[in-house]
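Here chain A shows up in two complexes: once beside chain B, once beside chain C.
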Partner chain A sequence: MDALMAFLTVFTQPQLLLLVAAGTFAGVYVGAIPGLSVTMAVSILISFTFSWDVLPAISLMIGVYMGGVYGGSRTAILLNIPGAPSAIATAMDGYPMAQRGEAGEAIGITTVMSFFGGFVGIAVLALLAPTVSDFAIRFQPRDYMLIAVLGILLVGSLSSGSLVKGIFAGALGIGIGAVGMDPLTFTERFTFDIPLLRGGISFIAVMIGMFGVSEALMQLHNIDTPAIKQKISRIVPSFGTIRKHLPLSLQTSSLGVLIGALPGTGGDIAALMAYDHAKRVTKSPSRPFGQGAIEGLVAPETANNAAVGGAFIPMMTLGIPGDAVTAIMIGALFIHGLNPGPLLMVDQPDMFWFIVGALVTANCFMLLFGLTGIKLFTRIVEMPRAVLIPLILLLSIVGAYAVNNAITDVYWMLGFGVFGYFMRHYGYPLGPVILGVILSRLLDDNWRRAIISEREDLGRFFYGIVTSPLSLCLLVAVILIFVSQTPLWTRFRKKESSAK
Partner chain B sequence: MQDHVHPHDSARDGSSDATPGGMPGKRRPGELLFTVFLVLFSGVLLWNAFGISGFEALSGPGAVPMATAAVMLVSALIVLVRTLPLPRTTDETVMRDILPPLAIVIVLLLVAYGLLLRPLGFLPTSALFLIAAIKILSRRGWGFTVAVSLGSLVLIYLVFRIVFSVLMPAGIVPEGEMLQALRDLFGGGV
Partner chain C sequence: MTRFLIGAVSALSLLAGTATAQDYPAKEIQGIIQWGAGGSTDTVMRAVTPHAEEVLGGTIVLQNMTGGVGAIALNHVADEDADGYKLLMGAENPLLYKVMGLGDKDYSDFTAISILARGTPILVANNDAPFDDYPGMLAYIAENPGELRFGSTGPGGLPSVVTAMVEAVEGDLDVISVPYDGDGPALTALQGGAIDVMPAVLGASIEAIKAGNMKALAVVDVEANEFLPDVPPVLEFNEGYSTYLPWGPFFGIFVKNGTPEDVVAKLQDAFSQSAEQQAFKDLMATRGFTLMNTSGDEAQEFLTSWQSNTAWLLQDAGMAKTSPEEFGIARPGE
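Take a look at the complex of A and B:
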């Protein structure tokens, strides 16, 4: 009963309802405007909402998250520029549809499918998270440590980039998180005797730098890309179309939830994998893939929104983020004095059900805003980048400054922005850095707890791992990721794909 | 500035974790230097981490930092070994594709922003920043630049100062008095 009340909080408090609506609306535009990403928006939002109560702050962020994951598809379809990373796959078939004058239909299908996927994700979250958290209470410190390592490794291994670069990025993040005084022994770590570093580096400055400033700098490369105007026709798809793609959308939604729930990997990877899946299982697509296949829209769009619900599962049950945005939300919960993890689910189940309620609301608003206001939308998206980039930079500065009222944070943000800019040029993923920063403390604490409980004996530590089924599974997963990158395995994969 | 017309292959610029950018099988300009920097940086970190508590205890405060820095060093070295033999891209230069003058100018503007924020205050500094940045990027007339800059600055200020109650340095602007005057105007002095 309490759960139901908590679930309904959003609906009964007009202020929260309004915030979710405003967040979702803003999210659709944030996602749609190339150069503005959800991760960036949520990191900037933390610094603006940290003086608020926790419920309004979370409501707004959830709205932006849900809307933003969807919003990227619009620009992908209309302009062939994915507005958000999660819409990269959507452009492959969405834009060809728009070129045939079917932009309206493409947007309609995308919206309905995003709603469907979002709903599947939330349902799985609501059904599964309580069970997972019951189970998670029995997790040992070493299991937490292994899950954190797994999360940092997964991004590198599932993306199209290089695992080594992903590992470097993750380790860098852990290192950044360790800067300052060690909370247990008050020893200085990575401070280089600079007093300023004793307090550590503000993770918000790191995040805004990596996702805001580096993106803005990157956008300088395509500052003159002209916008193409589109005519919008029929929007709401027919029931027949939806029913026809139900089996595929169920499969790709499930895939999306799973990828979302894996620590570290989010909607962008889910969408690409779902697109790949659709290409393999669809025998007769409406048109060949890449030329405007509806299946090519259904798969990534269901998957990326399903990944939202999925990403909350490890975040709420283990305190381990499911993707970069939930990593930032964990930071927000910390700031508000909450400690996400199995105990949060036990001590404050209301918080969990509130989040589920807010997600459902955001998903409904997404459907509403997705099917309306497309004319206004095309106009706003055509905002020239020459104006947009300075505005993003100004917002980033305000965001970085506002948390501690410190100019130093602005310089950290700028430093990490420039560093992130080079990382992107040379193929290093940025997600693992943020994940590392957020997980640094958890990893350090749990390692020390685990090794102290084994009396500093590495042999006993490994014996503990191989005798516990859960720890063993996690260790095997970590090892598999490494094996999958060895030359032997790649040769095997190549043989397999050439045999097809 | 010629980078405005150069057709830039944006697939090489990392856009997300799923597609991190770079060029497989090729070495982009500056990539080697960056990798060498990462190796040296990781080495310095490892040395520093060793100084925290050495090999005194597995649960010591320096254990995780040392492991982390070691992982960074090893992975950076692997990247270096893999990058070294790669042929350089032939169609790119540092000035055009990696660090165009435009990016340097914008970064310098940001540094200037940081320097001026305290003494001048949020409103004048932001106005100067927006006007300079929009003018340089859009290459439109002064009328457009100033109108767009000031218009969006007022909007940002109202939203963040009033809705989010974010306090930025007032500097030379008598912000408190201005807000009070506004309140008096609308609230009839309440």
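Take a look at the complex of A and C:
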């Protein structure tokens, strides 16, 4: 009964309801602007809400978080600049849809699917939190390493055309991610004694440059073509469309919750893995992937919003943050006099149910704000290129500057933008570069941790993998996915289908 | 959000105000936090700043600037004008930059506004570890050389200093040292069984200890801690620790040397008032930090002795890249 009351707190107090709404609204727009991240917004809110009571402060933060994760897809679809790393996969099919005049439909389906994914995440948080967190903390460094290897294998599905070029792009990304001071030994890598490089290259700056600036440069080629007329007839997807994608969205949501609940991985990896999963299991997508497939939107958007609920799982049950935003929220709870830790759910179950309630509310507001104003947004794509190109560039520069308030990031962004332009020109896919940067540290750090833990003995390392059921499952998945991408497998499949 | 926008706008505009104490602060002050959002330094700084803003009658825009063990942030502030509009909000790490080869600047280039608080280290172990106390751990290491996995946060981090201290007192420990990005991830790994023992700061592990998710072996202090009265201090097991203890990480706010004295005084007053707020005291208590709130000569003395103790400890353990002697850091007691 108490749990129900705590769950309903948000709904019964108009002030809290308003704060969740305001937070979600702000979050959608913060998330949509590349460079302004949810992490940044939530940490500013800590000082801003310092003197408030804990419930209003948390309500506002949850709103921003939920809205922000969704907001990243906006600019990804409209301008091909992902507002946040977790929206990279969304750009791959969302932007082609906008180019066909279906931006409204793309945003509509994204919104509904984000809502769906968010809801699955919250449901798992509410019903299975202790089970999932027990499972999640069992992941050893070698398991994280295997997840990263699984991630690296996505290069195959992110590169249309030449696989060799895709592998090159992925390796380049891993190299970019390795620049800076190695966090485990504090040795400088690829810094050439330049102090500025010690902090590494801002991954967001690379992303904005590669996607945003290179897009602006590409559009210069056809500056005279008239702008794309947007169809605005259908925005809210039909029930039939949603039902058709229900099995896929359930799978990708579950994937999102799990990846989100792992303390070492978050929504960005979840979304990319979900995209790959969709590509693998969808027999006949609405259009080929990469050219505007609905499935290519459904998968990453359900996964990254499901990861929000997932990230709260270790936070609420163990006091371990599931990602950067929940790390800040733990700080906020401390500041407001609570002790987020394993005992929080025992001592103050109300707090848990209040957060679940606030998440549900934020998720509903996200649906509401997401579906309104779409027509206005699709106008952006209808703008003449002479206006659109400078706008993209301006947004990219402001975004890159906002990451660290550093002009160096703007130079990096522009540099990678020009580089990305030439890569596109010669048919090198950009997705794998970003994938490489995201996975670089995950792979490198965990491989080293794993092998150091086994006294640098490869025999012991493999023995560890085959004796742990979890590691073994991951290893089998790695092998299967790898084999399924080799010519051998394709021939085998062909033979099988012709035999039928 | 507005706060952020104000900050962004003011950062873009080139307001070159000449600071005199009467009109300080005449524009937004920037607080550069050395560590990432959500970490202990971040939480402490975000908690202490709002009240200091009220006292100052100005705005302090906080920004996290991570990388290079905090050296990026330190160098950033050191490169700015000494006008009191850039505050460095950091932890203990810079005092080891010189000996660890991470940079040629440290807090001696800065004036302390306030050393806010210090933490107490504690040795914690995974629940399945085959021992329950500190002597048991030492016995296990002696019987199973090279088997036990210790968490660390890289050279110069708290775990490495505590491990060096244990080795200085008890002799070499044959253990595997597994590096993590910070004590948060390492403590997570400890609960999942990826590492067996972790020297951590008490505040970061206290909730998990109380819940029985990990076991506390000993606090690395001269006496038992008021928040965990049942956990014995290491001094109880070996008198040798008295040479090095008390020792602990700390948080402080700094401005560049050469900042006008009246501006420094104003800032010191504001932050000292803020640190005396009950809400801040409560926060420090729940996180297991000891409030210090010192400035001026007292703070300087604390920094000097901390640096000489720790730098020589690392030097004697063979972890320092350059001898503290090179930088004129005196050996403790000399």
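Please note the rule applied: the second predicted complex is superposed on the first by the 269 of 500 C-alpha atoms of A that agree within 3 Å, B and C clash if a C-alpha of one lies under 4 Å from a C-alpha of the other, contacts with A are read in each partner's own complex, and residues count from 1 in each chain.
Here is the rule we go by: contacts are C-beta pairs under 8 Å (C-beta built on N, C-alpha and C of every residue); 3 or more make two chains touch, one makes a residue touch a chain.
Just so it is clear, the model here is predicted, and its values are computed rather than measured.
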{"item": "Chain A: partner with more touched residues, chain B or chain C", "value": "B"}
{"item": "Which of chain B and chain C A:V30 touches, first, second, both or neither", "value": "second"}
{"item": "Touched partner set for A:I452, first chain B, second chain C, both or neither", "value": "both"}
{"item": "Touched partner set for A:L184, first chain B, second chain C, both or neither", "value": "both"}
{"item": "A:I137 touches, of chain B and chain C: first, second, both or neither?", "value": "second"}
{"item": "Which of chain B and chain C A:F48 touches, first, second, both or neither", "value": "both"}
{"item": "First (chain B), second (chain C), both or neither touched by A:F192", "value": "first"}
{"item": "Partner chain in contact with A:L246 - chain B first, chain C second, else both or neither", "value": "neither"}
{"item": "First, second, both or neither for A:I328, with chain B first and chain C second", "value": "second"}
{"item": "Touched partner set for A:N405, first chain B, second chain C, both or neither", "value": "both"}
{"item": "Common ground on chain A, meaning residues reached by chain C in one complex and by chain B in the other", "value": "47-48, 51, 184-185, 324, 402, 405, 448, 452"}
{"item": "List of chain B residues in touch with chain A within their complex", "value": "3-5, 8, 10, 12-24, 28, 30-31, 34-35, 38, 45, 48-49, 52-53, 57-65, 68-69, 71-72, 75-76, 78-79, 82, 97-98, 100, 102-103, 106-107, 110-111, 113-114, 117-118, 122, 126, 129-130, 133-134, 137-140, 148-149, 152-153, 156, 160, 164-168"}
{"item": "Chain A - residues contacting chain B, complex", "value": "47-49, 51, 82, 85-86, 88, 155, 158-162, 164-168, 171-172, 174-175, 178, 182, 184-185, 187-190, 192, 213, 216-218, 220-224, 265-266, 268-269, 271-272, 324, 384-387, 389-391, 393-395, 397-398, 401-402, 405, 407, 410-411, 414, 418, 421-432, 440, 443-444, 447-448, 451-452, 456, 458"}
{"item": "Chain C contact footprint on chain A (complex, rising order)", "value": "26, 30, 39-44, 46-48, 50-51, 137-141, 180-181, 183-186, 195, 198-200, 263-264, 314, 318-321, 324, 327-331, 334-335, 337, 339-344, 346, 402, 404-405, 445, 448-449, 452-453, 455"}
{"item": "For the chain C and chain A complex, residues of the former touching the latter", "value": "1, 3-4, 7-8, 11, 36-39, 42-43, 46-47, 49-50, 62-69, 71-72, 75, 100, 102, 146, 149, 154-156, 176-181, 184-185, 187-189, 191-195, 206-208, 210-213, 279, 282-283, 286-287"}
